[in-house]
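Each chain gets a letter, A, B, C, D and E, in the order it is written, and its residues are counted from 1.
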Amino acid sequence: MAFTDRVKQILSWYGSDNPGTVTQIARLLTTGTLAGTGKLVILPVDQGFEHGPLRSFGPNLDAHDPDYHFRLAIDAGCNAYAAPLGALEAGAAKFAGQIPLILKLNNSDSLSDVEPCSAITGSVDDALRLGCVAIGYTIYPGSGLRNTQYQDLRELTAEAKAKGLCVIVWAYPRGKGMSKEGETAIDVVAYAAHVSAQLGAHVIKIKPPTAHIEQPEAKKALEKAGIPIATLSDRVRYCVRAAFDGKRIVIFSGGAAKGTDEVVAEIKEINAGGGFGSILGRNAFQRSRADGLDLLRKVIGVYKA
Amino acid sequence: MAFTDRVKQILSWYGSDNPGTVTQIARLLTTGTLAGTGKLVILPVDQGFEHGPLRSFGPNLDAHDPDYHFRLAIDAGCNAYAAPLGALEAGAAKFAGQIPLILKLNNSDSLSDVEPCSAITGSVDDALRLGCVAIGYTIYPGSGLRNTQYQDLRELTAEAKAKGLCVIVWAYPRGKGMSKEGETAIDVVAYAAHVSAQLGAHVIKIKPPTAHIEQPEAKKALEKAGIPIATLSDRVRYCVRAAFDGKRIVIFSGGAAKGTDEVVAEIKEINAGGGFGSILGRNAFQRSRADGLDLLRKVIGVYKA
Amino acid sequence: MAFTDRVKQILSWYGSDNPGTVTQIARLLTTGTLAGTGKLVILPVDQGFEHGPLRSFGPNLDAHDPDYHFRLAIDAGCNAYAAPLGALEAGAAKFAGQIPLILKLNNSDSLSDVEPCSAITGSVDDALRLGCVAIGYTIYPGSGLRNTQYQDLRELTAEAKAKGLCVIVWAYPRGKGMSKEGETAIDVVAYAAHVSAQLGAHVIKIKPPTAHIEQPEAKKALEKAGIPIATLSDRVRYCVRAAFDGKRIVIFSGGAAKGTDEVVAEIKEINAGGGFGSILGRNAFQRSRADGLDLLRKVIGVYKA
Amino acid sequence: MAFTDRVKQILSWYGSDNPGTVTQIARLLTTGTLAGTGKLVILPVDQGFEHGPLRSFGPNLDAHDPDYHFRLAIDAGCNAYAAPLGALEAGAAKFAGQIPLILKLNNSDSLSDVEPCSAITGSVDDALRLGCVAIGYTIYPGSGLRNTQYQDLRELTAEAKAKGLCVIVWAYPRGKGMSKEGETAIDVVAYAAHVSAQLGAHVIKIKPPTAHIEQPEAKKALEKAGIPIATLSDRVRYCVRAAFDGKRIVIFSGGAAKGTDEVVAEIKEINAGGGFGSILGRNAFQRSRADGLDLLRKVIGVYKA
Amino acid sequence: MAFTDRVKQILSWYGSDNPGTVTQIARLLTTGTLAGTGKLVILPVDQGFEHGPLRSFGPNLDAHDPDYHFRLAIDAGCNAYAAPLGALEAGAAKFAGQIPLILKLNNSDSLSDVEPCSAITGSVDDALRLGCVAIGYTIYPGSGLRNTQYQDLRELTAEAKAKGLCVIVWAYPRGKGMSKEGETAIDVVAYAAHVSAQLGAHVIKIKPPTAHIEQPEAKKALEKAGIPIATLSDRVRYCVRAAFDGKRIVIFSGGAAKGTDEVVAEIKEINAGGGFGSILGRNAFQRSRADGLDLLRKVIGVYKA
């Protein structure tokens, strides 16, 4: 398969990676409806672990079945499907090769009252034996356990790259020294994207940033530089720039479930701002299968246009 | 031995596991009186370690002898016998091959006042040299030491699966941020079952859940979804669903010793709710041998019917 | 499952082995129609590798399918099925747990003209991941490459025993200093059985010995001791004695395909001489499935009587 | 040397161990004046490390010399001598083979004020190179560092058993959640003996228990079961039972130095209660050599009678 | 146990060995009827492997049973029993601790026509797990494969000494450049004893040397030095001297079976010449048990006198 110029351009940013890892990034970029466009829409399903099965799958009981999500991602034309160990093991044999898989290597439940730090629940070798293209790892910049997370990620990243896998970082600022608003502040989200790039991520997932600015020094710098942040497009544009001037793939989470029009409007802004794509979980599976498919296809349509 | 359709169906859920691990799951499902039914009754004896010998074996002094439990499990027609390292070593040579064994790899005594986290007291290689079909591991979702437990389990699970063993997780929610009632709340128990499945467990042991709901968000989700939880059967049904829509084997502990009729009534509810079986310790050995055998056989009878 | 006295007696001979290994020997002795009798009938299918597919499966084209042999062994009520890596991998997932498996760890094709010495084509870890109860290994006592074989076997045996597996040695005398007749001579076959026992085998497979005597010193010793060797029963009896006075399981190969009556007559002699069983390949699968099943069941019937 | 029936019976309890480990247990049971009786008197000298040389060897200055203790144990007819690395290294060459040695693998000094947890000060390979029959390890059930200790012991035990050594556990309950009286309470001491057995100990050393009961639930269980604890004999009997119904060797420490008659009276009670022997340090060496020998011989005499 | 001066003297020669190894040498010297005398009589049974079961056990059919030899060595009061892996595994659990065991680590069958070089059939770790005091290894000085043997021995010796085991070398000159007579020539046998000492052996087994001299230069040297070799005693005396002036334990094989008087006469010469003892196989077990016991006791009697 000859690659599009855009795919070639994106792959050119990862010249220090071995050809195995680049091959996996290429798989992400050449699968599904968005193949060749340089855009990605990924289905992630770790909410059962993070928020519990009732809150996650109560709105659509069929979503308790791991097979449901493999099928949804494949039928919607997604670029990849991401989940924790158990969920991937439940379907990886049956759907082997039908869609790129991402193994979420750390996860956190909502039962313990601990400093934000996910448990490592899978390994790079698990990713290999399950046929994944990438590992996924969540960091909480701002957590008192930041160092544990960055250091664990460093080791997993080194191993994944040596074994020819791609690394995707979920960057969610959170912790004692940060306001609730600050978790999605433009300065903080852009900062988290940059840290992820520095940690060696090939793909970075962040939340759509708000216009709030958490750090006074950042506020001063932003105003001085005259960087616009009024619209989501503006803010997305800066976040992408913060990740090595757009030379790392930055994608955006969808957040809590909402109406289809609302989702599509947000995606249009992300796309207009140069976002590389979306990673939509709850909005995709907390609807009936027909509605979920419809939403995902509309989102994909925005990026494809 | 040709397998029943039900056994084949259950084994089909573990397609990502190697044939060695599937063979061990098959051994659990094709041993004892319930062979072929897809149901399991397991005798676990770790109470001496967990609660001390007096509280555990005081009610039936003969139960101090490790041989007693091997014989009880074999004679009752159980699917397997589970115990810590020392107890298995005491009888594994004498009873080699007579019943599938499960090595409990972590245990906790009641002498220390520590954050809930069991000590690792055995290894996967111990399980191999003792001829076990599975390792067992207890997690305390809700504990401040959750991450230590999940990560230790991850390593043990990876090793066990590579070496062709089955993994059984004892999921007991417990910890500072949780009420005593919450430890058996339907939302919390279902959540613990789901987390166990995500961590890669083949078999999940939980406590029979109560109708209490611990987390407000879960309460809302549950009511909105209209999931019935009035009877134990209802609650068992949802817990099984929470573990990959019934595609993981979920079994239920018996709890503190009680009357035979009471036990049997509870088992009937578990069975009606689609529970895969029971793991009964104190109710089985804190009676005379004759009464223990009688109880186990009645319980097995319920699942066999 | 309570064991028969005979099974208990046989297991008692392996007191230096860990309970894991004893468990696997027990599985061999408690599976299939002969469960509990202390006798074994095993289906081995490595002839495709050893003699080529045309010579092996030409007489019964259906036998080209690896599934065929799993089904034949299961349906006939055999104790186990033995094959090289590829053939086991082809069916181990589908038939997981339905019959004890033996992984033949070394094999030799008939395309090279080399000093008799099989290539090692599998590992102990392969046996674990495929769910096997035993490894199998062929030695050629008499070969100039004897030391390579004995030493490789020593390492595989140490590893298999540490990991709770059983070791089965195929002992086929062969080599430059030996006449063709000598390969099945009573003195040579008994010698090979003894060497296998000394190398640590739990189960020893030899060919039915002839009344030929290869070594002059052995002839003298045999005559002086007055050991009868006139009938096959006599010779089987001495071979069993040569393997630690009957304290190792010695089973007999069936050799080239022949008529059912001829096979059954030979089995009767082996049984009368105290042989522990048979390992029948070509006679079982170089017939139609119906005839193969019929033959295996007749052979099993002889041992069961 | 043919063994007595009692020695054979005791060895039969260790059927899951390899012959190397059983050989070492046999050495303990067939050395010294008590050879063949199934009883043991061991000289342990780690008090210099635990309490300092002044408190330990002040009462008998000659005991500063490591040779002193080798000679005392040999001349008194003890079954074994136990000490930390340095003390064994000081005499192991000179007295090689004259008495079974036990290497205490962890030790604690009284200079630091830390949560009870001894430092690991020797290795299994040290035990091999010094010619020891066993490793010794102290656990403090009740300590907040319980998990560290149990897990370290697990690894050392696995290695020792693989290399054909015996494992002796010193079980001394101690920690924040326990009263000073509770450290020798019958329920707590029996619990510690049981935990040691579950951790895989071949020989368990505990303190003579008092009639105090620490845990309310244990008190209830004990009274309901009608287990007598009025005399030391009664209490010893239950502790032995708590260790796998008497199928593990349980021996008793002598505690602080006291009069000979007092020691002998206590030993008579331990013997009457079915204790397997004593491990006497301070009472043996905090006297003149003549008195120490006299005391040890009297104690041995009680067990021999 | 206090040691005799002779045992202490012998142990003093091994001052560079760790106490573990010295402990094992001490065990050899303090077991059986000859305990404390500095003399040894060992029962070796590897003839089944070396010459085949018919030639080895034909003269006394009961000797096919591995238990037979354990019992014979124990009942006769031997210092140790030596055998290959399989034979030791067959009895090591049952007779654990009753007699020091020596694992013969290499063995050769008489079926192949190969350059003299035994196969390595056991490991140092096997010796540990079976509870052996020593490893045994055969070298064929004179073989074209000498270097392979010396180098394998070097590695096994280094490992055995690090793990606290004793090393016994069977030194049998043999090979193309040597006459049949030369294999037992005084110069050659003494040379082989010296080579064994240089290779690090603690105990050296050689054949009783004849008065034949194989090497012309040796003949000259011997005559010049005026070393007497007329009687077996003379020759034994020189062989002992050749092994570090008597500072290594040198023992003598018994050779082919012969009459009791003949054996006893030979032993008397060996003893008179300062030989440390005998290692008698065929003469011990190729008789009825009563006669074998009688012979062994007479031989032991000679050394004890």
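In this section, a contact is a pair of C-beta atoms (placed from the backbone, for glycine too) under 8 Å apart; a residue touches a chain by one contact, two chains touch by 3 or more.
This one's a predicted model, so the numbers in the text were calculated from it and none came from an experiment.
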Worksheet item: Which chains lie in contact with each of chain B and chain E?
Response: C, D
Worksheet item: Based on the averaged CA atom positions, which chain is farthest from chain A?
Response: E
Worksheet entry | Same-residue or different-residue interface between chain D and chain E, half as cut-off | same
Worksheet entry | Pair joined by the larger number of C-beta contacts - B-D, C-D | B-D
Response to the item:
The C-alpha superposition of chain B onto chain C, two copies of one sequence, needs a rotation in degrees (nearest 5) of 180
Worksheet, complete the sentence: Rounded to the nearest Å, the gap between Cα centres of chain C and chain D is 49
Worksheet item: Any idea how many Å lie between the Cα centroids of chain A and chain C?
Response: 56
Worksheet item: Whole-Å distance, chain A centre to chain B centre, using C-alpha means?
Response: 36
Fill in: Two or more partner chains touched - positions in chain A
none
Discussion item. How are the chains arranged in terms of who touches whom: line, ring, star, complete or other?
Written reply: other
Item to complete: All pairs of touching chains, please: list them by chain label.
Response: A-B, B-C, B-D, C-D, C-E, D-E
Worksheet item: Once bound in the complex, which stretches of chain D touch chain B?
Response: 13, 15-17, 141-144, 146-147, 149-151, 154, 158, 173, 175-178, 187-188, 190-201, 215, 217-218, 221-222, 224-225, 227, 241-242, 244-245, 247-248
Discussion item. Give the list of chain A residues in touch with chain B in this complex.
Written reply: 48-49, 51-55, 58-59, 61, 64-66, 68, 84-94, 107, 109-114, 117-123, 125-126, 130
Worksheet item: Any idea which chain E residues touch chain D in the complex?
Response: 1-3, 11, 15, 18-27, 30-31, 74-75, 92-93, 96-99, 125, 128-132, 162-164
Worksheet item: For chain C, which residues are in contact with chain D within the complex?
Response: 15-16, 18-19, 162
